[in-house]
Amino acid sequence: MKLELHRLKVRRLAWGSRTAFDKGLLSIDRSALTDLLAKDGRFRSVTLDLALPGESVRIIPVKDVIEPRCKLDGPGEVFPGFIGDVETVGEGATLVLEGAAVVTCGAIVGFQEGIIDMSGPGADYTPFSKTCNLVVTFEPVDGLEKHEYEAACRMAGFRAARYLADSVRDVAAETIDTVQWPPLSEAMTAHPGLPKVAYLYMLQSQGLLHDTYLYGVDVKRILPTLVSPTEVMDGAVVSGNCVSACDKNSTYAHQNNPVIAALLARHGREINFVGCIVTNENVTLADKKRSSAAAVKLARMLGVEGLVISEEGFGNPDADLIMNCRRAEAAGIRTVLITDEFAGSDGASQSLADAAPEATAVVSVGNANARVVLPPMERVIGFPREANVIAGGFDGSMRDDGSIEVELQAITGATNELGFSRLSAVTV
Amino acid sequence: MTYRVVHYINQFFAGIGGEEQAGQKPLLKEGIVGPGQALAAEFGDKATIVATVVCGDGYFAENMDEATETIIGLIASCKADAVIAGPAFNAGRYGTACGAVCTAVKDRLAIPALTAMYPENPGVDLFRKETIIVETADSARGLRKAVPPMASILLKLLEGRELGLPAEEGYLPQGLRKNLFRAEPGAERAASMLVKKLRGEPFETEYPMPVFDRVPPAPALKDLKGARIALVTSGGIVPKGNPDHIEASSASRYGEYDISGVSDLTSADYATAHGGYDPTYADGDADRVLPVDVLREMEREGIFAKLHDLFYTTVGNGTPVAMAARFGREIAVKLREAAVDAVILTST
Amino acid sequence: MKLELHRLKVRRLAWGSRTAFDKGLLSIDRSALTDLLAKDGRFRSVTLDLALPGESVRIIPVKDVIEPRCKLDGPGEVFPGFIGDVETVGEGATLVLEGAAVVTCGAIVGFQEGIIDMSGPGADYTPFSKTCNLVVTFEPVDGLEKHEYEAACRMAGFRAARYLADSVRDVAAETIDTVQWPPLSEAMTAHPGLPKVAYLYMLQSQGLLHDTYLYGVDVKRILPTLVSPTEVMDGAVVSGNCVSACDKNSTYAHQNNPVIAALLARHGREINFVGCIVTNENVTLADKKRSSAAAVKLARMLGVEGLVISEEGFGNPDADLIMNCRRAEAAGIRTVLITDEFAGSDGASQSLADAAPEATAVVSVGNANARVVLPPMERVIGFPREANVIAGGFDGSMRDDGSIEVELQAITGATNELGFSRLSAVTV
Amino acid sequence: MTYRVVHYINQFFAGIGGEEQAGQKPLLKEGIVGPGQALAAEFGDKATIVATVVCGDGYFAENMDEATETIIGLIASCKADAVIAGPAFNAGRYGTACGAVCTAVKDRLAIPALTAMYPENPGVDLFRKETIIVETADSARGLRKAVPPMASILLKLLEGRELGLPAEEGYLPQGLRKNLFRAEPGAERAASMLVKKLRGEPFETEYPMPVFDRVPPAPALKDLKGARIALVTSGGIVPKGNPDHIEASSASRYGEYDISGVSDLTSADYATAHGGYDPTYADGDADRVLPVDVLREMEREGIFAKLHDLFYTTVGNGTPVAMAARFGREIAVKLREAAVDAVILTST
């Protein structure tokens, strides 16, 4: 599979009479896009806002973040299973509006959405203070059931992201990155002498709004299988997850999966990166064991020596992470795990809900219990009072002066377990 | 300004004598004694050792509460801004005394305190979480090397400056996890770590695995008929409105609620405070998480004697293990006092 | 993965005071096994019978056929997800009671079970006239819902099959076949010059009792993935399918998948057989397209030049078969399809519900509409009146003299689309 | 015994003349004429050509029904046991006449008949399904080669022996799929076929793909208000008890049932006869497959004028396409006669 990522670097957003791109400025036709999204009869209101890096703006409660992309060439369309059809993606050419993001905002579960500050101390913790954000805030029609509300917001986010890219598809790319992903028949004979490595990609699938989709299929229903990096870049994996904002993988993080990027960067030099194994994180022990056994079986089938394993979420999924580690190490496959920590606000507690001596190589993306005070912002997009009930917030989080004291848990992407950020933790 | 520091040492370093003088009771000496010389030199004019408290290691070990009380009194009398204890090197009773004194000073006098020991000194494991312990060699030969970090850290504490990492500053890790930004994103670090691991090169994990407690289960009840059974949940079921404001995650508290006379948890009166799962079904019928309805039936049928009038509830979502352990201890005491025979723990 | 199949050849069955094997005779402790199966409270009655090749015996209605196997060594147990745990199987040693079969018999859907004749013209059409059959007939408790009845019969069949093998696990094998299945890292470099070939293994998953299970997971819920031949031999794939008897794949047929055997037989000589891709046969067009795209993607990932594609069932699944063929051929992968035909009793009709010019290489396993008269048998096990409503039967199928005129459709395994039998069709 | 065979030929092979004599009406000649000589030699004493019927190709083509009627009468008068026609080689009208005569003989006189042609003779496509056609060359030079299989097949048909495969016997395939046991199991054949396909070696598919009919949809109704709508299903919904005994699969019939006055298909009165799906839900509420309930509502609301009183139903499970095509034709005629404007077809 060969995929070209045609990149346009977005440096500013503005409303315009039509959606267009010119020298870093993405103009957005506000009414056209509002109309497009409002066609979904499940919304009472659809509101568009802009939030740019450095502005005194807070977005709360954030559901998902999506990078605007569309297919320029090749089979299928981005977000297969949701937009377009269910074709295998990852070939041809895809337009990427780098630096832009669609942020969906809605109080679906109330305490399972997050905060993005565009400036101030909170901005240090979220990757999405550095993107030019189109924020879409949804209110549901009366009586809309939460799962329907989530589905509506999810679809609307994809539609908006695809709309932005598709609207400027005729603009010539500024840079083109090419990813050439060979079949295993070639990959297995390439780069002799370098260790074969795969990526074990754990997707949140505990259900009841903790859901991730692969080609539109709720992954709690699958057995582990193989995907190529270029499929992931085209949105084969998307988030439908409503859980603590710090370490749920936004669709943006999937589209720009940094583990894939890091392994590709070392491919052919230090390692031979041969595949991505997607697996799920289910709730019953039998499901955990089955998926773990099957995922490690695929790793053995690939004949890899090493695995990077990324988690999504915390607590219950720690058991999946550790089980995957133990099984892989028992099969002679060396592992590195990426996880965040819940060590208490003082850092004195154990960080994970499960542990194993085999887990000798762990990357920590930070203690999500650590607290931060977010000062008042000039502008708040969304529903600020949710801070009191948001996971990572507490009663009194929202202060009279508009400042908020919360755990990092409440900040979107703060401890992203794909290893998106530089945050970590150490023992002191 | 010049900070007023009190130095704590044992009878040996005070020049009073060895083991034969270990019974020495606490006493206050004006000014600098023994190793305080080196510390004072390092402080320069930023801090002054105004007094030295001396206590025999044997006396302290055998009369810990009384000795601590006396020592705190002595220190308080000096209007100290901070306390420095030891170094205790590898002397076990001395190390324990240094740790206990520093901890008491922090807790009771609310001023900075630190000590210094060899990492295998038993005082380290006892007090590393409570107090800063500078790493030293195993004997007094290491004094010269121990003094600069002791002085430097104490001054930072006095000046309210943030400490660097243990390895940078020279103290033993306290076992607290602290956030920081590293040079590379996590995914890059993971890929690099894997390359090193595969090559057999040294690498450092960012989170050394803890060893988990395993609690052996209590023996099964022989007879349910006479049993009083209580319900405890981490599923966050609370009276509607969450009167005790239990947090949606990282709970800092638990609730105790009376269900005498309640035979069914209705959506009118109960809901979940838990932020880690879709609340639709728990809010719709809280018995799904806290099965009062079924237990009332079983109680009526005489399968067991009584459902305890109180239930205990917290939110097990990102809640630190240390916090959960405390909740557990407290709830267990209350249940034992209430003569509860068995508990049904429900999760989510 | 290395799997040893330890074989004992069963030539006779008899009731005995304990379950034992001696010189081709498998003695069965009838009451012990009855007790084991009757523990499932969903059965009103459990009846055991013996049916041997050449006897004047008819079994009707047949739900499933299972070969007695158990693990002697290695992880897991046969029928993972049902017996034992969910571990990955396919390694170590497995005992096979070759020549024996457990036949489960129950009128679950009435017209979706089959007929096995142990002698006469019907015997020519079913593979299970040549096996020594332990027939287990179940009656459900009153009011048992059909899906529960199916699940109970399914489990009971696996329990019985595992019980028989496990009871004689200490008997030394007469022959040992060893299957060595290398990881892809080795397979891809082995046998240079031979074309790489995979097996696309379509599993019935239309739902409503048309179900197949992989490690206990209903495959309608999966996306296509890879399994190794040895996993299939250990019962990773089992039938929960109630549909026309001729071309539903019994668990026995999965355990002894003849496509896998044929490809293994040519492996290293004519082809390089590198993998099995399991996919499903779902009912909606989007599901069909998604699974077909993903299955062919896996074939492309494997870098194979050729695929054998086997179907299960007829009609609606013909669309999946043809779609898989077209997509693979479009990707430059040569295909051979295995299907049966429904060409009318006179053979004058079109045989498939879908067709494509790319399907240039088709193996026909026979026209299931062809009629056969089954003469009366001395003994009938089960519920003979079901012949009137069985799929492939018709009102009046059951004649007064006990003979039955039916289409081959009603005969268990008559047109098995794994290519188990020699039946075929030609144009005259 | 010696079978009595009548031979049918055209005016040219009867020596009457070429195209100018093509208007020749049917006539009966005693004994053998023209190519009959070779056939008679091949029959030996097993069969005798008792008479030859001659007809001009032009006359037959222009008066097909009348000519057929006359010819059947002439053959019947000979007390024939069988008829042999041609060979017609590549002569189109002659081939058509031979095929038509053989078909009529089989249907009307119920005795064996066969003819012989060049594969591209238009008569082949018209009659290969109805009658056996032996393959010949494109001209009379191929007579000698055509005669042995013609004789051999006719004798087998007369003796009631089963014919071998077309290629073995020398006749053109009739397009009927017939079961047989091959030497190897299907999986072995598949693997071998794949090896050949990959090597570019010749291989023979066991099922050449048919070309499917594509029926262009009728234009949409402009106005529903006045429309009469009928329901037709292949989902097997029938009055309970399946009064017409529609088969669970491979249906040989369809049912026509009156639903005037029925506004809901209840489980008391309706069920499915379909053997290809789990009937639980269709039996529980047959409206799920045949939505009478919803259509009655729409009828009441005036969305369309009338739900047709009769619905048509069969089982689309393994039912041959040829059978389904016949059902479709018949049902369409009935619906058109009943002035139905549109049909809702439901499947399973």
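To keep things simple, chains are lettered A, B, C and D as they appear, and every chain counts its residues starting from 1.
We adopt the following convention: a residue touches a chain if its C-beta (ideal position, glycine included) is under 8 Å from a C-beta of that chain, and two chains touch if they have at least 3 such contacts.
As the structure is a computational prediction, the values presented were derived from the model and not from experiment.
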- Message: Centre to centre, using CA atoms, which chain is the farthest one from subunit A?
- Response: D
- Task: Averaging only over C-alpha atoms, locate the centres of subunit C and subunit D and give their separation in whole Å.
- Result: 35
- With chain centres defined as C-alpha means, what is the inter-centre distance between subunit B and subunit C in Å? 61
- Please compute the C-alpha centroid of subunit B, do the same for subunit D, then give the distance between them in whole Å. 89
- Identify all positions of subunit A at which a residue touches two or more other chains, and write them in rising order. none
- Note on the structure: Two or more other chains are touched by the subunit D residues none
- Task: Based on the touch definition given at the start, go ahead and assign the chain network to line, ring, star, complete or other.
- Result: line
- subunit B - residues contacting subunit A, complex: 129, 163, 165-166, 173-191, 193-195, 197-198, 203, 205-212, 242, 245, 247-250, 252, 275-281, 316-323
- Query: Quick one: in the complex, what on subunit C touches subunit A?
  - Reply: 1, 81, 85-88, 183-189, 196, 214-217, 221-226, 228, 274-275, 286, 289-290, 293-294, 296-298, 300-304
- Touch list for subunit C against partner subunit D, complex: 109, 111-112, 124, 145-147, 195, 197, 206-210, 242-244, 257-259, 261-263, 265-266, 270-271, 305-308, 310, 314-315, 334-339, 341-352, 354-357, 359-370, 389-396, 407-409, 416-428
